[in-house]
Every structure is written in C-alpha cells, then in structure tokens.
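Mind having a look at this structure? Questions to follow.
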Amino acid sequence: MLPAARLGLSLGRLAASLFLSLVFTTLILLIAGAPPIDTFIILFAGGLGSVAKLAQTMSVWIPLVLCSSALLLAFAPGLWNIGIEGQIILGAIFATGFLRPFAEGGSPLILVGALLAGMIGGSLWAYIAGVLKTWGRVHEIFGGLGLNFVALGLTLWLIFGPWRRPGVASMSGTEPLHPSLWLQEFKGLSLNPVSLALALVAIGLVIYLLRSTRWGLSLKAVGQNPDAALLFGLKPNKRILESMLACGALAGLAGALQVVGVYHRLLPAISSNYGYTALLVTMLASFRPQLIPPICFFFALLNVGSIQLPLQLKLDSSLSGVIQGVLVLSVFLVHGLEGRFRLGRKKE
Amino acid sequence: MDFLALTIAGILSAGAPLVLATLGETLTERAGVINLSLDGTVLLAAMTGFAVALISGNPWWGLVGSVGVGVATASILALVGPVLGRSQLAVGFILTLFCRDLAYFLGHPYARKFGPELPVWSIPGIRNLPFIGPIIGYQSPVVYLSLALTFFFWWWLFSTRSGLELRAVGEEPWAAFARGIKVQRLRIVYTLIGGALVGLAGGAFSLAVKPGWGRPQGAEGAGWIALAIVIFGGWHPLRGALGAYLFATLQVLGIYLQELFPGLPAVLFQVAPFPVMILTLLLVNMGRTGWFKDLAFRYPGLKRWLIRWQVTAPAALGLDFRPEKET
Amino acid sequence: MHVEFQDIHKYYGRVRANEGIDLTLEPGRIYGLLGENGAGKSTLMRMLAGHIEPTRGRILFDGKPSRGFNPSRALALGVGMLYQDPLDFPALKVWENFRLGGTKRDRRDTLSRLQKLADRFHFRLSPEEKVGELTVGERQQLELLRLLDLGAKVLILDEPTTGISVKQKEMLFTTMRQLARDKGRTIVFVTHKLAEVEELCQEVIVLRRGKLTAKLPAPFRPDELIKLMFGAKQEEPEEDQHRHNLVEENFIQLEQVQLLGEKYTLRDVSLGIRPGEILGLAGLEGNGQELLLRGLAGLVRVMKGRLIFDGEEFQGRPYLEFRRSGIHFLPAARLEHGLFPDLSLNEHFRLAFPPHNGGRHKLSPEEGMKAFSIQAKLSTSARALSGGNQQRLLLALIPRQIRLLLLEHPTRGLDHGSGQQVWSHLRERCRQSTALVFSSADLDEIKDNSHRVLIFYNRRLIADRPTFSISVEEMGRLMAGEGRAV
Amino acid sequence: AKKAEEKPFTFGLLLVGPYNDRGWSQAHYDAGLYVERKLPGVKMIYLDKVNPADRPGLTLPQLVDDLASKGVRLIIANSDDMKDGVREAAKQHPEITFIHVSGDDVITGRAPANLGNIMGRMEYGKMMAGFVAALTTKTGKIGYLGPLINEETRRLAASAYLGASYAWQKIRKKPLKELKFKVSWIGFWFNIPGVTADPTQVANRFYDGGFDVVISGIDTTEAVVVATQKRKAGREVWAIPYDYKGACEGADEVCLGVPYFNWGPAYLAKVKAVKDGNWKQGWEWNGPDWNDINNEDTSAVGFFNGPAISNEVAEELAGFVTGLATGEINVFQGPIFYQDGSPFLLAGETATDEKIWYMSQLLQGMEGASSPK
C-alpha cells in the first residue's frame, strides 16, 4: 500500500472510532441526564484551561507514559502484565522505605537512591509474576492481579502498622517526607522537571530497545512464537523474565516518582490506577510506541478534567474512565468491522 | 452447633454470587470463549439491578435488569471477540474497566440509597429440622438458585446432547463444524448465557448478599476470583462451585482468624484469598512444567497425589474460529 | 444420489489446490480418487463435504445447486466424510465422539449401537476411553463406524486404510461393496495405493497438480495410472547414497534411552549415527519418531539411558548445549513452530546469526536469500511466504557448521520441484559429513533418500535396517504392527 | 475587600466521601445546605470523594487552588485524612480561612493563623447508643463495628461501652461481667474489598455468634442491612447506625436509633464570622444542646430514636439524657482502667477533655484490639 493511502486509511479509522465513541459517550451522558456539550467543554477546559491545569495534566501524563512504556516491553513477548499496578506500588514502597532514615532531610542526591530503590521494588514484584508464569504456568493475568492485591495489603499494613504516623493512622498515609527530599517543581506549578525528563527518556529508551537492539527483537520473537524462539536458542523463559524485570523497573520508577514528586509520602492509593489506564493506552496505541505520548496526554487530560464534573455538574468523575473505555472499544470495533468488511470483499 | 450451622448458612450465602459467576464463565469458556470482563460486569449488573429495583419498587425486576446487563456486556464481547475476531482477552479487559467506571458513573444517584431487597425464603419442612434448618431453611432465592443451577449444569453438561455439543465446540471447533454443529452460533449463545449468569451474580450481590449500591459496593474483586475459580474447578460445574464455597469460607474464616490471632496484621486475612488464588492455580497448572515432570518421574507418589488436581483447559479456549479463514 | 462438480476451483493464496474440475458421481458406484501427495484430492472432497467453500464453481446434488453450503447442509443431504487427519475430539470419550453429530439417541442406545457396529468389523474400542488416548488408526475406525451409522448416501473415505490391519481392511472393503451394491450408496475412496483401487473400485478419478487428468472405468492399467498421476516419467533420485562411503565411526550413540514426551514415553532406544549418514524414520504419527527427533535435539528429557555425543554424555543437558554442539532441529509445522510469522526475513537472519558469532557464519542475509533462491524481499514477513519459501528460509537459517540435522517431514506441503531442491541441498550437506535424521509420512521419500530406515511401532523402535534391504511394502507392514522386526 | 463584598459570599466544602453517603459526609453536606438556607446570598461549592482512592493523582492543595480560583473565602474540610493537606494549603492561601473538622492542629500549635478546628462531641451520642443497646439486648452481648483504630474511634467505642455498662449496672442491675462488649475493627471507615474486613461479614459474624445488638462505628449502613436480613430469617436482632440522622430509613424492625452529627449551627457560626470579618482561630468541641439534643439550630450532636426502640427503653433514655444534661450522670468517672489494667481515671477522678480526646487504649471490660498491628 502507498504511504499516503495507508495514512488516509488510519485517519479514516481514527475518525470513525472517534465518532463512534462520541456517539456512545453522548448516549451515556443522556442516560445519566447530563448536558453532553457542557460536559465535554468542562472536561476539556478542566485539563487545559490554564497553565496550572496543563501542568496538572502533565503531572498525570508522566506516570502514564512511564507505565505505558513499561507495558510495551512486557507486551513485546506477549505478556499481559496486569500486575503493573502492584509494581508501581512496590516502587513507591521501596522508595519510601529508602527515604525513611532521612527524616531530617538530606542532599537531593539521596533521591537518586530512592528512585533506584523504587525500580528494584517494581522489578522484584514483576519478577515474582514472571517466575510464576515461567516456572509455575500461572497466567500472568492471575499472578499479577493477585500480587496487586498483596501489594495494596502490604502498603496498608505499613501505613497502619510499622510506618504509621505518631498519633494518627489513616488513609492519609505515612509521615510526609522532609521538604528537602521533594522533587523541585516548576515555579508555582504542580509539575517537576526531573519526572518529566525521566518520562521522556523512558519512552525514548523503550523505542530504541524495541526497534534497534537484538534484545528487543528477540523479545518480539518470543512473543510471536515461543516454540520457534526456543529452537532459535533465544531462551524464551529468560527473555520473559527480563522483560518483566524491565517493565517492573519502569513501573517502579513511576511509583517512586509519585512518592518523591507528587504526594511526598506513601499512600494506599499511590498507584492511582495508572497501571490499568496504561494498559488501555497501549491497547489503544496497538502497541505502537510513537502513539503513546499523545494518547497518554489525552487520557491525562480526561483524568484531570473530570475533576470538574462533580464540581460543576454533580456528575461522578468516573466518566473519564468511561470515555477511555469507550474509545478503546470503538477502535477495536472499527478495526474488527474493517477486517470483516475486507474479508467479505475478498470473497466477492 | 447453632453457630456452626449459621456460619455454614453464611458461607452458602456469601458464596452464591461467586457460584453463579463461576458457572456462567465455565459455560462460556467451555464454548471456547474467554469473558475476562467479569469483574466489571458484576459491578455494572449489581448497580443496574439495584437501580431498577429502586425505580420499579420490585427486586425481581432488578434481577431481570442485572441479567440484562450481563447479556449486554457479553454481547459486546461476542461481537468484538468471536464475531469480529479481535483478541478476546483485550476486549474482556477493556470491558472490565469500562463497566466498572460506567457502574460508578451511572450509579452515582443511587449510591447509599435504601432500596428493595429480595425476600428471604423459608422452606417449610426444612426450616424446622435441627442443624439443617438454620443452614438452608432460610435463605435468599439466589442461594437456592445457585445450588440448583450448579447441579443442573453439571447434569446438563455431561449427560445431555447439547451439553456434549458445547464441550465439543470448545475443544475442536473445526471437528464440530465438520459434524454440522453451528459452532459460531453456539459460541455466541453460550457467551450470552454465561453473561446472563454473571449478571445474575451481580444482582445477587446488590439485591441479596450485600444489598444496596455504593462505591465501593463490596463486589469488587469477586469477578477476578470467579475467573480463577473456573480454572481451579477445571471447567467443571461441581468442582467450580466447590471452589467458590472454599473462597467464601476463606473470607468468612478470615474474620475469625483475625480475632484468633490478634498478633498478626489484620490486613493479612483480607488479602489472603489472593495469594491462595495464586497457589491454587500453581497447584493445578504445575503438572505441565518440565521440572515438575522430572520430579514426578523420580517420585511417583507425588505424581499420584497431584495428578488429581491437574486441569486442562478446553483446547480451543480463546482461539478464533471462522470458516472463511480457509478461503 | 447424483453429484455433479461444475468447474470447481480452489485457491490457497497462489496455490491452486483444485483447478477447473468437472466431474459426475453416480449412485451405487465405488470411485477411487488417485493422485500424488498434494494433488488436491482432499481439497476436492472437503468441498463436497461442505467443510470448505470452492473459490469458484459449484456442486450440484441431484441436479440442484446448493447455496451457502456447509457441513450441516451436507450431512442433511447425506454426504459423510472420513477425514484424512482425524477430525474428532481427543478430550472426549469414544462414545461421546460417536454420538456427536450423529443420530439422536440416549446414552444407552448410543453405546449398544456402537458396540454392535464395532463387533461387525472386529474393532476393539472401549467406549469410555478418551479418544486422545487412541492410535490414529483406532480413531479412524471410530470415525468410520460413525459414518456408517449415519447412513450417508455419499460416503467419502480419505485414506482410510492407513491405520487398520489387513484383515480389517478386507472387512471394510466387503462393507463398502455391500453398501454400494445393495443400498445404492456412492462411495469415494481416496488413496495413493493402486492395489487398493484395483481391488475395490469400479471407476477411478485421477488428479494431478489440482487438475482432473482422467476418469476411467475398471479394469485399470497400473502403468497408465502412474503416468496419469505423476505425468511424464519421474526423474530418478540421485542414486549416490547407497554408494556413499561411510567409513567413519558413530559420533552419536544412544544406549537404552527412554524419552518422556508430552503425551507418551518412548522406551529402550539404542542407536548409533555416523557422520554423513542419512536416517529415515518411519512410523504412524504418535509412535515415537517425533520424540526421537526431539530427544536428539535436546528438546525432550532423557529419563533413562545414555545419550553420547562425541564421547560425552549429553543426557540432561540443556537444549542450548545441544545447539552449540552443532545439532539443529527443524519442525514440521514451519510457521507454527519454526518461524516468527510477523517478523521479516531480515529479522529472522538477525535472530539466527548473532553478530558476536560473526566469524563463524559469514553468510549475509542477502547471500542467504540468493543461495537458497528465496523469492521474496528482505522486508517480507514470514507469514507471506509460500510453503516452499518458508522451508528454504529455514534451511538458510541453519548455521554452516552443523554436525547433526534433524528434520521433521522436510518436504511436507511442498510441490515436487521444491522437494527435489530441498533434498539436493540436504544431500550436499551430508556430503560435507553432516549427519541427517528425518521423519516422513511418505515412505517413498524415505526409501529414496536414506541410508538406513528406523521403524517405529507402539512407541518403540522396532527395526533399524539398511535401506537397500527393505521394501516400501515391508516398511508399511512393520509400521502397522504386522510382521516381525528383524 | 470591597470587590469581594459585591460578589456573593462563597465557601468551599471538601467531603471525604460521597455527598449522599447517608453518613458522615452527607451530614456535612446537609449542614452546607442549612447555611445556604439560613443566609441567603451565601453559596456553597462542594467537592466530594476527596480521597486519593477516588481522585487518583490529585492532591488536596491542588483542589484548594481550584476552589480559590472560584473565589471562596472559607474552606471546610471534613476528614482527619486531610490534616496535612489542609495545613499545607492554608499556608499557601493566607487569604482564605480554613476549618478542619476533627483535626487538632490548633491544640498542637501546628496550625497557621488562618486554620481552625471544630468537632462534635459524639461521645454523648455514643453513650446513648450504648445505653439503648444494653437495655435492649437479650443475650447480653453487644457488638461494636469499628472502623480503623485511632484516638477518635477509641474514645467513641469507649463512650458506647461506658453508656452500656451504666445501663447494665444501674438500670438492669446486673453484674458488669455478664455484659459482653466486643469491638471488631474493619480497618477503614467503609468497606474496601480485599483491603478491609468486609463489614457485612463482620456483622454476620456478630449476629451468628449470639450478639443481638450491633452498634456501628463505620460510615456505611451494613449493620442495619444485615440485621434486617436476620430479622427476615426469623431472628430477634437490632442495630444502631451512625453519623446521619436519616440512617434508620428502611430498617423499621431493627433500628434502635442513631447518634448523629448536626454540623449546621457550627457551620453557620463560622460562615457568619468569616463573612463579618471577626473569625478567630480556635479549637471547638461542640456538645449537644441539653435543652433539646435534637434541635436543628442549636445542638451539634443528637440521638434520634429509631422505630424499633421500645417505649420503656425510650423513657429510660430520656432519663439518662436528663442526667447527662444536669451533670448528675458522668460516665467518665473513675475508677476506669485501660484494657491492659493501667488506670485511665483514678477513683473519683473525672476525665478532662484532653484525656478523653487522646485516649490511648480501649477500656477494661471491652474486647477487641486497642491498637493496629
């Protein structure tokens, strides 16, 4: 196919999917008794309306990009790493644990250690799911999901137990970090340059690894055909574990950044469901890395914008999740219909 | 004695939605389709069931609504998955998240409202028996339904012709096709029937077992557990139901154990079902790993002990089937 | 029933499995359908059974065309087919298989009906056993009983004699004759074996490369049929292998080896292989040859015995060590097990030849493509390759210095020319003292290409003979468990 | 300042749960509506479900920024969990007055000048709940469905226990050791599947174990729901919900009554003060209006008699309330011991506010954990 034709086709697909999701969303809004147009306006203004809001959107974009990049690595050998939520949490736990001795603050260099600790924590959790898969044949969906709950339990135990704050023990989390251990934000904005840079590096690195290294290629090969990969001497089990480790490391980094860059403490909801959202992002991107940043931006926009819904329209903010789901479903539907249509035409 | 009976009654009740969801998914997967959307579907069905009951004032209409939601979700899955040939896992997962958020979004106005509930049925003749009486003498209709359906589907799957056809479709769709069985149609039908049961499970939550709607409802996570139980149950209705009751027992037991071992972190007992889920999956799947085969070769006793736990999935589970592919 | 094929075409991509076939089948007759491997016999019959749709053309039943044809319509019309590869349900029980798609009966009637039919043919089938545990032959027997029970008006048997004994074959033929004569059934009997056609059929249909080449009434002239099937005289295979000088010692030695596979165990294999030697493995599927190939490749565990390679014990070592020592295995299902469907050829080369081993394998992808005359671009995905090109790609990906090459059905699905090409490449490698072990369902291929034949039956190696000392017929008998191994 | 007066006065309300939770948050939301009703021209902007689980990725200061941009002059935050966030936001927005409900920053001296604390003396409500439970129970076993363990929840559970033991000994004239009072903590204010103990199961466990009255300390209504189910199965059980006046709705057979918060009067006072510019920082712990504990305009805490309460018990309760009002009855009077046997109050000692506020253990005679593991 000519590049122009291909571009036209994908644009057509995109338009069809967007149209479909618009129709669905409007329908849902009407069922909920909400004014569709106002809702959309509020939703977008809520995430883009001002520099501060844009910064907020970007601060959600960062963990989403990190997690989506991580998932690209896991999807390459065909792994459904649903356990990414738990890996984010473990990253946050490890980073917090690393910083606990520095209650009086310290040099920002300590943060490097905290981020590394977070990556180790995420990797560890991913590794367990990987071992369960390769050595125990427990599908990574179930292994990962179970570990997500365990990770959440671990956080709660820490927050209400050994790491509880003197006097209070509550969902508000552990004692806040010393301000010298907070990542410095752009002035007056809730966005910090370090996290932003790390997210950009991560997506770049993942693109490089998957496109240009033999390791990335062998991951894809394992995903395409584990039997053949074995015959080619590509050690599928080892590749699977490696990809889980790498994925976990990036997820753990996202978790650590939530601690040192956003919340400045460990919270039960520290993962903010970014892992699940990132799974949607990668599916919507059909695993094409270059689509990750824009889709993440759109999703982050919805997340941040939706906060305005209860404020202005008394709607539940889970609408953002609904729209994200509708969008991905529509794309699947359009692709499926298109495939069907093509098959049908061929038969003629 | 009475306490034991009441506890068993509690387990039957807490297990009922899990049993229903497990049965539904067992049927769907027996037809070769994976419906991963359980966790979200259960929630959306629970919300709809409650909302419909509230609006109509009749819990039975609510139950109908729940079943409707289950069927609707399953039909999206059937359309995008088996019919249009996209990945069933992917669609199922998207639906999980989507249905959950949709439930919270649309359910917002009904949250924490007081609404109708299914009645408790008391069975004359049984309710006065010692020990048995407290166990199944007074239960919600969904509990009786879950028990009846378990045995019904067990009989149906293994002793009827249509049950045989269902199993055939999930094992070897091409062979089934060659024998004149309408493979695609059966796959869709059982996806929908399975979805209906999953919807019923949602209704059982919001109209009987944990009446009411809220965020969270309390049914969160149940769908995932049910999916795991289907595997643990080896795609067998009886064994699946047994698995569901085991998990319900674990939940109920967690509260006793928590009191019995005050020295242990309480959250341990809440999280416990999930590691147990992983362990049981390990138990039933491990037999296929190389290292285990070596071990079993060396210690035949081990093999004999573990072999009964081993399960095999329907051979065509999750695979795409379409006659056109050949042309 | 009167069946008429009108201008039937069936294409798979550019493969023309059937091309412009016009054919009429009359009731009460037994037809033999002949043709070499890949001639399109099964394809034609599967269209008659509604299993696949023709690309073009139509089939008329009693003069009526059938639109939207599928197996259930075919069954309703009375067309029943015994498929070449058992199309049944391994996970289900024998009686359940018998019941599926059959007459509506309850369990007890089903069992007694099955018993009665089985007794008639002296088939021994235990109804509660899982079909997956039966041999291929037994599975075909079961299918046959099911079709007879259905009372199909048009009965298609696609190579039904591969898995049954001579005595059982006689019974089967008697029944076929009865059905045709007394009940007016149309029977199509697909085979490669001329003798069987002569024995049973009243008329023969010959396909060659997808086209109908003849439809002749009995009596038949074998040499004429052969000519129709294979075209002009086949070029003789190079006859050098019998003369090939095998002076060297065994470099691989198997002593009382027991191999544990996914489904079964292969016991007590003792064997030696010399450099440059070609071993052909014969046996019905599931009798052990698959396990031996994988065992030699290090893919299947050696549970007992010793596997000696260059004087070193290799049992229990990981696959990679086998691979590093110059052992290479190519599976039969090329796209399913051997290649990465969506990766490009270039990527395959990158994966097969790691850069850090650069010194040893100097072949660049471009050279590989040329050397093996793969007709595609480097950016083509493996999925888009034709069967022949896929096999050539796999061969191109084999490292240069290989000691032992293990091949499963090396020419399955290839046309004659491609097959010849593959073999000339393989023979060339053997001349450079690579040993070669291959399995094939085509006994002629084994006869033509190997120095020694190993025959498997009942999950054991029952014969190990120099090729010149055994005929194809004898191989067939041994594989079917008749006759004593020497 | 001049410009602000032209606009209607708006105040922001940050609710930890859903505004319609029929519990803690709805009580606050209703108070906001009450203020709007009482002071025409004053407008409330509320934001509910302000907790990281429901609003992933957003921090309290960010939400406050948002409210600030809408011109609010007063922000009321209703959860203990918001303590740090409110303090941080208060420092960033000195132009806005903050009220943190249930917090103690003013006592501890960590509060910036624009941050005050209020709380209601729910201890009294809980005493009444315990009192009613002890008079109603037939098995002598009372269950307390606790949320998470902290000072607030400990003192509330202890108050219920003290009310119950008063009724048991003084009214029913039975020895205290025959009263079983057990606290089961679920781990949070409401159920989070897979994280907290399931309150439905905990309530079931109470009733199946012979506890016939369950006092709820959590935000949601599982106790009454389960009690109603048990009633339908022919069992004689009761429940006492919490927080919100309307919590008995639909539970006619089992609901003995509900201790509830009435934030309206306190809110009104704060809004007026800020509006008129005479707000002063303080830590307030508002009690019931003893003239009429259910007076909407004056009482911060009340007890609403439920449909299932018997007339005799209701009468006794009225007497108890009178006793509390006059000071004749003070259940926080020594000797009272902590669970581990150490003294909480010496003989004859009455508890100070501070002693009650910072209660460090459950009391002797209560079963259940005193601190989280």
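All chains are identified by letter, namely A, B, C and D, in their written order; residue positions are counted from 1 within each chain.
To be clear about the criterion, contacts are C-beta pairs under 8 Å (C-beta built on N, C-alpha and C of every residue); 3 or more make two chains touch, one makes a residue touch a chain.
Keep in mind the model is a prediction, meaning the values are calculated, not measured.
By number of C-beta pairs in contact, A-B leads over the other of A-B and A-C. Relative to the C-alpha centre of chain C, the farthest chain centre belongs to D. Nearest to the overall CA centre, using the mean of each chain's CA atoms, is chain B.
Averaged C-alpha coordinates give centres for chain A and chain B that are 28 Å from one another. The geometric centre of chain A is 48 Å away from that of chain C, both derived from CA atoms.
Centre-to-centre separation between chain A and chain D, using Cα means, comes to 38 Å.
Centre-to-centre, using mean CA coordinates, chain B is 43 Å away from chain C.
Across the assembly, chain C contributes no residue that touches 2 or more other chains. Contacts with at least two other chains are made by residues 108, 221, 265, 267, 270-271, 274, 327 of chain B.
For chain A, the set of residues touching two or more other chains reads 149, 152-153, 156, 160-161. Shown are all chain pairs that touch, namely A-B, A-C, A-D, B-C, B-D.
Of all residues in chain B, only 3, 6-7, 10, 14, 108-109, 111-115, 117, 119-120, 122, 138, 209-212, 214-216, 218-222, 251-252, 254-256, 258-259, 262-267, 269-271, 273-274 touch chain D in the complex they form. Those residues of chain A whose C-beta lies close enough to touch chain C in the complex are 214, 217-218, 220-221, 224-225, 227-235. Chain contact summary for the complex, chain A toward chain D: residues 52, 56, 59-60, 63, 149, 152-153, 156, 160-161, 164, 167-173, 176, 190, 262-263, 265, 267-274, 303-304, 307, 310-311, 317.
The part of chain B that touches chain C in the complex is made up of residues 159, 161, 164-165, 167-168, 171-172, 174-182, 290, 293-294, 297, 312, 314-315, 323, 326-327. Those residues of chain B that touch chain A in the complex are listed here as 36, 76, 79-80, 83-86, 89-91, 93-95, 97-102, 104-108, 221, 224, 227-228, 231, 265, 267-268, 270-271, 274-275, 277-278, 281-282, 285-286, 288-289, 291, 324, 327.
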